[in-house]
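Two complexes come next, and they have one chain in common, subunit A, joined by subunit B in the first and subunit C in the second.
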Partner chain A sequence: MRYVKIKGDKIYEFLERLKNYGKLYAPVKISEKFYDRKEIDDVGEIAFDYQRTIMPAKKYFIPPCEEMFEIDMEENEYREKLEEVEPFVIFGMHACEIVALRILDGVYLNEYPDIYYERRRKAGIIIGLSCLPDEYCFCNLRRTDFVDIGFDLFLHELPDGYLARVGSPKGHKIVDENPDIFEEVRQEDIDAFRAFEEKRQEMFKFKGNFDNIRYILELTMQDKLWDEESEKCLGCGNCTMTCPTCRCYDVQDIPEIGGKKGKRIRFWDSCQFRSHGLVAGGHNFRETKRDRFLNRYICKNSYFYPLGTSYCVGCGNCTYFCPANIDFQENLMKIRGREVIHE
Partner chain B sequence: MNNMNNMNNVYSLYKCRVLRVYDLTEEEKLFLFRFEDAEIAETWTFTPGQFVQLTITGLGEVPISICSSPMRRGFFELCIKKAGRVTDKIHELQPGDVVGVRGPYGNGFPVQEFEEKDLLLIACGIGMAPLRSVFMYAIDNRWKFGNITVINSAKTGKRLLFRKELEAMRDVAEAENIRIIQTITRDPDWPGRVGRAQEHIKYANTSPENAYVCVCGPPQAYHDIFTKLIENGYNPRNIYVTLERRMKCGVGKCGHCIAGSSTFLKYICIDGPVFGYYDIISTPGLI
Partner chain C sequence: MRMKIGIHGLTSCYGCQLKMACIEEILEVAKNFEIVYWNMASSKGEIEKVDIAFVEGSVVTERDEEELKLIRENADALVAVGSCAIHGGVQGMIFGEDYEEIFREVYGDSLIDYEAKIGEPLRKYVEVDYCLPGCPPEEHEILYYLATFGIGSYPEEKDYPVCAECRRQGYPCILIEKGMPCLGPVTVAGCNAKCPGFNVACIGCRGPVPHGTAWFDSLARTFKEKGMSKEYIKRRMEIFGKQYEKLDEMIEKVFENED
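On to the complex of A and B.
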C-alpha cells in the first residue's frame, strides 16, 4: 500500500483542493447532539471529531426518494429517468461505514446491477477518516473496525497531521496532482499510527468477536427477551433509516394531475413497518411486532458471504437513534451470554 | 438463462400485447401474451417456476409466475387471480391491450435434474399456476421423463384451476403414463375425487424411490404434504416447493422478500422462489 502524510497545517488546503474533484460532502455539527453530512462551502465548518451522522452516507447512493421512470400514460411507456450524476467527494467516512458501502455494493451491483446506484457509486470519491469508539460502537466485534478496500484515501489521525493510505487509482491521482500537500511518512509517524491503533483497540467496550452470534440467534428465536424488547419498540423505523446497510425500498406509481404523465418512484422503506410484509388478501408475513422486531436482528446478523462479515457493521446508530432506548448490542450480548466475553 | 442481463437497466419494461383472455374460474383468468419486439419474442426464454414482473401503466407492478411451457417461443401465459389494485385492473385487459413486463426472475425448478425420473406435481389452489409450467414443459419433452402425475386440488369444483384443460387431457394422458388427479375438499356436489391433495399421493403412478416432487400451495399445507410424501416412500431430497412473499423489485434489492433465519437468509426473488425440502424444514421463518 502507498502511504503519504498530510501535515496538520495543510489539512484545510487539502479539503479545499478536494473541491476540484467534485462537490464536497462532509460531517458538520447541526445541533447540540447531532451531526449530519452536507455539501461544504466553508471547509472550516467540517467536524473531524463527529461520531455518527443522523443520516448515513448511503443517502448519496440511494436517495431517500428517487424517480426511476417517467410514465407516459398516453404512449403506455416507462422512460428511464437517469439524471446527470456529477462527481462528488465524501470526506470523513469511518471504517464501518466504508464496509457498509461495500455491503451495499454486493447487493446493488450483483448479477442484476442497479444502474441508478452504479452511476452514483462511480461518481463518488471516498475519503476515510480514523475515529475513536464511543460506548455505542462495536465494529471490533464485527471485524469492521479497520478497512482494507473501498476508499480512495483513508486518513489516520497523527499528533501533527494525518497518515493517508491510498486505496485506489483515484486516490493516487489526488496525491500525484497535489505534491505540495503530501509528504513522505517518517518513522515517528508510523509509531504514532501504531499508538493510535492500540489506544483505539483499548477503548472498545467489549473485546472478542460476534462470529457465532448468527447461530446463537437462530437457536434462541423463541427466547422471551424478544417478547420483552419488542414490547418496548414503537415501530418507528429510525433504526433501519439510520443503519448504513439497511436498504429496503418501496416502489409506487404516482399519476400526475391531468392523468397524462406520472412517475415511478422508489423510497426508503422499513421492515419495522407493518406494511412491509403485507400481501394481497391481508396476509402478513411479519404479522406481529415481535416478528418485525426479530426480523431486523435476523437480517442484520446474517452472513454477507462476499465480504465475510455480517450485514451489521457495528456502528451503533440503531441504538443511538432509538427513541425507546432499545440497545441492539446489549440485546445481542444478552442472547450470547455475557460470561463468554473476556474483557 | 436470463437474456436481459445485458440490458443496462434491470427495471426497464418490455411491451407485451395481450393476445387472448380465458376465464378459468370466478377469480382467475388466463392471459396469453406476446412481446411486441420481434427479437425479444424470439429469444426470451425461462425455466418453469420463474416469474415476471408485470406493470399496468400508471398503477404498479406485480410478480406473477409464468404458467406456460418455455418451449413455445415468443408466447407466454399468466394465470392471474383478482386480488387487489393491480390485479383487478389486469382482469379488465382485453386482447390487443399492452402491458409492461420484465424478467424472468427467480431460480425456477431444477427441471434438468428431473430428467429420466418420474415427476409428481402437487398443487393446492393457485399453486397450479407455476406447476402448470412444469407440467407443460414435461409434456413438450415427454421422452425425457418417466411417469408423471399431477394432483390438482381446490376447495370447490368451481375454483379448480385448469379443470377443463386437465379433464380433457385425462384419457389420452393416461395412455401416455400421465395421471391427472383432481380433488376437492369442500364441495358436496362434486362428482369426482374428494379430500386434500396429500390423501391422493398413494394413487400416483410415480415410483417413490425414482421420483421428483414439486409442491405449490399455501405454506400451511406443506408440513402435512411432506409427512404424507415421506410416509409413501418419497425421498425428501427430491422434494421442491415454491414460496411467496411481498415483492417489489424481483432482483434482490428492495428487501421485501427477505426471509429465513440468521444462518440462512434468503431473497425469495433470486435465491427462490423454489427451495428444497431440507432448506425449508431446517430454516425457521421460511414457511
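On to the complex of A and C.
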C-alpha cells in the first residue's frame, strides 16, 4: 500500500482541492448534539471530531426517498428518472461506515445490480478518517474497527497532520495531481500512527469479539430479556433509519389525478413497522412487537459471507439514536452471559 | 363516466374541507370527478348515491348521526377524513367524563334544539372503509387518495410513525436531544415531520398509528424517565389520543408502583 502524509496546515487546502473531484460532502454539526453530512461550501465548517451522523452515508447511495421512474399512459412511455450522476466526494467516513458500504455493495451489486445504487456508487469518492471510540462503539467486537479496502484515501490522525493510506486508482490520482499537498511519511509519523492505534484499542468498552453471538442469539430467542426489552420499544424505527447497513425500502406507485400519468417512488422502510412483514392475503410474518424487535437482532447478527462479518458493523447508532434508551450492545452482552455493570 | 363523490362535514372546524378546497389541482379534481355534494362549496346538492363519500368531523349531535347514516347508505365507499372522523378529535377529549356536568357548564340553561353527545369517531356508528389522516390532511395525501380511487384502485394507508419521516428528512431528534415531549413515535406519519423540523414537539394531531401499534406505554416510560409527571403525560397524550384503546391502562401501567 502507498502511504503519504498531509501536513496539518495543508488539510484545509486539501479539502478545497477535493472539490475539484466532485461535490464535497462532510460532517457538520446540525444541532446541540447531532452531526450530519452536508454539502460543503466553507471547509472551515467541517467537524473532524464528530462521532456519528444522524443520517448514515447510505443516504448518498440509497436516498431516503427517490423517484424511480414516471409513467405516461397517453404516450405509452416509461421514463427512468436517474440521469448520469455527477462525481461526488464523501469526506470523513469512519472505518465502520466504509465496511457498511461494502455490505450494501454485496446486497445491491450482486448478479442483478440495482442501477440507481450502482451509478451513485461509481460516482462516489470515499475519503476515510480515523476516530476514537465512545461508549456506544463496538466495531472492535465486530472486527470492523480497521478497514483495508473500500476507500480511495484513508486519513489517520497524527499530532501534526494526517497519515494517508491510498486505497484505489482514484486515490493515487488525487495524490499524484496534488504533489504540493502531500509529503513523505517519516519515522516519527509511523511511531505516532502506532501509538494512536494502541490508544484506540485500549479505549473500547468491551474487549474480544462477537463471533459466536449469532448462535447464542438463535439459542436464546425465548429469553425473557426479549420480552422486557421489546416492551420498552417505541416501534419508531429510529434504529433502522440510522443504521448504516439497514437497506430495506418500500415501493409505492403514485398516480396523478385522471390516471394518465404517475410515478414510482421508493423510500426507506423499517422491519420495526407492521406493514414490513405484511404480505398478500393479510398474513404477517412478524405480527407482534416482540417479533419485529427480535428480527432486527437476528438480521444484524447474521453472517454476511462475502466479507466474513455480520451485518452489524458496531457503530452504535441504533443505541445512540434510540429514544427509549435500548442498548443493543449491552443486550447482546447480556445474552452472552456477561453481567453489565453501569458506573 | 366520472366517478361521483360527496364531501361532508359533521361536527368539526371544517379545516379538512377547507384544505380540500385549497388544493392546487382543484380544477383537475373537478374535471375528473363529479362532486355531487359539498356543502362548503355550494348550497346546492342533496345526499344521493355516490361512489365515494369523504366525511370529516365527529358525531356530536343526533343530527350528525342521522346524516352520517344517510351518507353511508348512499356511498359505495366511505372515507373518514381527519382526526375528528378517525379518532373523535379534540372534542372527543372529554370521552369517559361526566357529560351532563360538562354540558351544564358550557351551555348553562340555554335552550339547545338538539340532543348532544360526546364526540366519537365515525367507526362507532358506521362502517368506515378508508382513513385519510391529518389535522388537516396533507395536500399530497388528498391527491393520492383521490387519484388511486380514480383509477379503480385504493390508497395504501401509512401504518408507521412520524419518526420515520423525521429521520428520512434528516432532522435532529428533539425527544433525545432536548427531552421535548414529542409524540412522533406514536403518531401516524404523512406530515413529513413538519413540527419537529421546526424544533416543535409533535402534539399528535394526525392521531395514533393504526393497527394497535401506537405504544403509548413505552413513550410514557420514556417521558417519565425525562422527569415529566403522569398528569402532564396524560393530558398531552389525550389531546388527540383520548379514545385510543387502552390509553389509560397503558399510562397507568408505567406509573403503577408510584401512586
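What we mean here is this: the second predicted complex is superposed on the first by the 332 of 343 C-alpha atoms of A that agree within 3 Å, B and C clash if a C-alpha of one lies under 4 Å from a C-alpha of the other, contacts with A are read in each partner's own complex, and residues count from 1 in each chain.
Note that in this section a contact is a pair of C-beta atoms (placed from the backbone, for glycine too) under 8 Å apart; a residue touches a chain by one contact, two chains touch by 3 or more.
It should be emphasised that the depicted structure is a prediction, and the values quoted were computed from it without experimental measurement.
A.B. asks: Here subunit A is shared; do subunit B and subunit C fit on it together or clash?
C.D. replies: Subunit B and subunit C fit side by side in the superposed model.
A.B. asks: First (subunit B), second (subunit C), both or neither: which does A:Val43 touch?
C.D. replies: Neither partner.
A.B. asks: In the overlaid three-chain picture, which partner chain does A:Ile257 touch, first (subunit B) or second (subunit C), both, or neither?
C.D. replies: A:Ile257: touches subunit C, not subunit B.
A.B. asks: Just to be sure I read the superposition right, which of the two partners does A:Tyr78 touch: subunit B = first, subunit C = second, or both, or neither?
C.D. replies: After superposing on A, A:Tyr78 lies in contact with subunit B but is clear of subunit C.
A.B. asks: Once chain A of both complexes is superposed, is A:Ile298 in touch with subunit B (first), subunit C (second), both, or neither?
C.D. replies: First partner only, subunit B.
A.B. asks: Tell me the contact category for A:Asn325 with respect to subunit B and subunit C: first, second, both or neither.
C.D. replies: Second partner only, subunit C.
A.B. asks: Using the superposition on chain A described above, determine whether A:Phe285 touches subunit B (first), subunit C (second), both, or neither.
C.D. replies: In the superposition, A:Phe285 contacts subunit B only.
A.B. asks: Quick one: classify A:Leu234 as touching subunit B (first), subunit C (second), both or neither.
C.D. replies: second
A.B. asks: Please indicate which partner A:Cys248 is in contact with in the superposed arrangement: first for subunit B, second for subunit C, both, or neither.
C.D. replies: In the superposition, A:Cys248 contacts subunit B only.
A.B. asks: Calculate the angle at subunit A, using C-alpha centres, between the directions toward subunit B and subunit C; round to the nearest 10 degrees.
C.D. replies: About 70 degrees between subunit B and subunit C, seen from subunit A.
A.B. asks: Return first, second, both or neither, reflecting whether A:Met68 touches subunit B, subunit C, both chains, or no partner chain.
C.D. replies: First partner only.
A.B. asks: Determine the nearest approach in Å between the Cα atoms of subunit B and those of subunit C after overlaying the two structures.
C.D. replies: 6
A.B. asks: Under the contact definition given at the top, report the residues of subunit A touching subunit B in one complex and subunit C in the other.
C.D. replies: Residues 252, 255, 259, 262, which sit in both footprints.
A.B. asks: Would you pull the subunit A residues touching subunit B in the complex into a rising list?
C.D. replies: 68-69, 71, 73, 76-78, 80, 107-108, 110-115, 213-215, 217-218, 221, 246-253, 255, 259, 262, 266, 269, 271, 276-281, 285, 295, 297-299, 301-303
A.B. asks: Considering the complex alone, what residue numbers of subunit A touch subunit C?
C.D. replies: By the definition above, subunit A touches subunit C via 30-34, 36, 54-55, 59, 64-65, 231-238, 241-242, 252, 254-259, 262, 267-268, 270, 273-275, 289, 321-325.
A.B. asks: Flag every residue of subunit C that touches subunit A in the complex, lowest number first.
C.D. replies: Those residues of subunit C that touch subunit A are 25, 28-29, 31-32, 143-144, 146-148, 150-151, 153, 156, 159-161, 163-164, 167-170, 172-173, 175-178, 184-186, 209, 211, 213, 215, 217-219, 221-222, 225.
A.B. asks: Help me check something: in the complex, which residues belonging to subunit B touch subunit A?
C.D. replies: So the residues of subunit B touching subunit A come out as 5, 8-13, 15, 55, 57-61, 83-84, 87, 98, 100, 244-246, 248-249, 251-256, 258-265, 270, 284-285.
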